[in-house]
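In what follows, chain A forms one complex with chain B and a second complex with chain C.
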Partner chain A sequence: MNFTDIQIERYSRHIILKDVGVEGQIKLLEGKVLVVGAGGLGSPAALYLAAAGVGTIGIIDNDVVDITNLQRQIIHTTPDINRPKVISAKEKIEKINPDVKVKTYHELLTTDNINDIFSEYDFILDGTDNFPTKFLINDACVLSGKSFSHGGIIKFDGQTMTYTPGNTCYRCVFNSPPPKGLVPSCSQAGVLGSVAGILGTIQATEALKYLTGIGELLTNRFLIFNALSMSFRSVHFNRNENCPVCGINPTITELKLEEMPVCDL
Partner chain B sequence: MKIKVNGKDQSIQKNAVSISDLLKLNKVESIEMVSVQLNGNFIDKKIFDKISLKENDELDFLYFMGGGEK
Partner chain C sequence: MATFNLDITKEHCPMTFVKTKIQLAKIAKDDILEVLVTEGEPLENIPKSSTEQGFEILGIENLHDNIYKIRIKK
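On to the complex of A and B.
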């Protein structure tokens, strides 16, 4: 592909990076990333992916913007209240960068649509808030050989890992969703808004690294941070041979949504 | 004896401290909300009671965390 003069200017701070350069920027412009959930994690992630010039960004979210979202979901603004999050997100992305093609899915991710949707993308960014969907994303990626970034936040804490085929998956670490009501959601326990920004931005960085093929991804390790002590820890996690989806004797061979919602919202 | 929990040194009683005991010591309310790695291997929750910790064991607790949609 050929860059226009305007593109060379727009992406000049990427292009002068030795590890990115023209080739890396072309990979980004040809890259396709799906952001699952235009919420606390998906908002900052989508904004940075857009600014970076990721050529195709998919956004899936069945929700509308609520006033309680605005404390951290920075892709949405006050006039967006009651509007579908995917529409609000698409408008912001297009304003930031007309190079980006945005595909919106105003629906829930389900066992029926997940494979069709995922097949259109190079990388999946999980910004969902519920465990059944988190496990579904993991299983779909493991079974179809797709890479994704997991992200989780609560209160002042965040965690993220990146899965690529052959490496530790989310189920290697967490066998199955927690019992209903045990793990509080952000609406129950609260979350510092900027913590979502830190985590979502790390996830976007992983997507950009994946597309350009630079650096070391967060594979086989979890990055865990606490904003109060402002400490980051990267913990190595080996693959689990008893993992129900990628272990020696997998019990999950087809997709199934495990009905254990994180809370009664 | 000394062990390492989440990268930090922790002193515990020498005798018969299981993973379950350690979780209680560290005020983890429920074993269902945490995943435990001992010296690089995941430990099945069913045997948290049965594993006695040894000097210099390294453990990592990893908690479930959702996203920020709601």
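On to the complex of A and C.
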């Protein structure tokens, strides 16, 4: 493909990087990333993927913008209140970068639609706010051999891991969703808005690295950070042979949504 | 192997090296790109950045006044 003069200027700071260059930018423009959830994590992630020139960005979210979202969900603005998040997000992305094709799904991710939707993308970015969907995304990716970035935030803390086929999956580390009552409800817990920005931006960086094939992904390790002490550490996790989905004798061979109260981070 | 030309005398940093990289991406290995640059930033940075990113500088020649020709091998 040939860049237009405008594209050369727009992507000049990528092209100039040895590890990205012309070839890497072409991979980004041909890349397809699905952002699950246009919320705290999905907002910064989608904005950076758009600015970077990821050619196709899918966004799935069944919610509308609420005023309580605006403290951290930076793709949405005050006039967007009551509008579907996917429409609000699509408009911002198209303003940032007309090179990007945006596909919107104004629906919940379910066992019925997940495989069809995921099959259209190279990489999945989990920006969801509830455990059942996080496990569903993990299981769907493991069973279909798809790579994804996991992310979670609460209060001043964030954690993220990248899964690629053959490496440690989310269930290798967390066997199943925590029991009811053990996790504080997220409305009680709260979250510092910029913590979402830090984590979503790390996830977007993983997607860009995956598409261009550069660097070392966050596979087989969790990156955990605390904003109060501003400390980051990464914890190594091997694959678990007893993992219910990727272990030696898997008990999960088809997709099922686990029961768990949803929370709204 | 073929020789190609590029004039970046009207460009400013960092577009000087961006345009050079775009042209280098289009040509084949062992082809040569002759880049016209002005004295100053481009004359210093194009050879340095090209070498850093794995290209070979075959020579630098002063054509006239402040215009130079840098020969880069892919």
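Please note the rule applied: the second predicted complex is superposed on the first by the 258 of 265 C-alpha atoms of A that agree within 3 Å, B and C clash if a C-alpha of one lies under 4 Å from a C-alpha of the other, contacts with A are read in each partner's own complex, and residues count from 1 in each chain.
By our rule, contacts are C-beta pairs under 8 Å (C-beta built on N, C-alpha and C of every residue); 3 or more make two chains touch, one makes a residue touch a chain.
Quick caveat: nothing in here was measured; it's all calculated off a predicted structure.
After overlaying the two complexes on the shared chain, residue contacts for A:Ser12 are found with chain C alone; chain B is out of touch. With both structures placed on the common chain, the touch criterion links A:Gly152 to chain B but leaves chain C unconnected. By the touch criterion stated above, A:Thr253 is placed in contact with neither chain B nor chain C. Counted by residues of chain A touched, the larger count belongs to B, out of chain B and chain C.
By the touch criterion defined above, A:Ser144 lies against neither chain B nor chain C after alignment on the C-alpha atoms of chain A. When the two structures are aligned on the shared chain, A:His236 is found in touch with chain B, with no touch to chain C. In the superposition on chain A, contact of A:Val22 is made with chain C only, not with chain B. Of the two partner chains placed by the overlay, neither chain B nor chain C lies in contact with A:Asn113.
The touching residues of chain B, when paired with chain A in their complex, are 6-7, 30, 32-33, 35, 37, 40-42, 44-45, 60, 62-70.
Contact residues on chain A toward chain C in their complex (touch as defined above): 3, 8-9, 12-13, 15-16, 18, 21-23.
Across the interface of their complex, chain B is touched by residues 37, 39-42, 61, 63, 68-69, 72-73, 126-131, 134, 151-154, 157-159, 172-175, 178-179, 182-183, 185-187, 191, 196, 222, 224, 233, 235-238, 240, 242, 262, 265 of chain A. On the side of chain C, the complex with chain A involves touching residues 14-15, 17-19, 21-22, 25, 49, 52-54.
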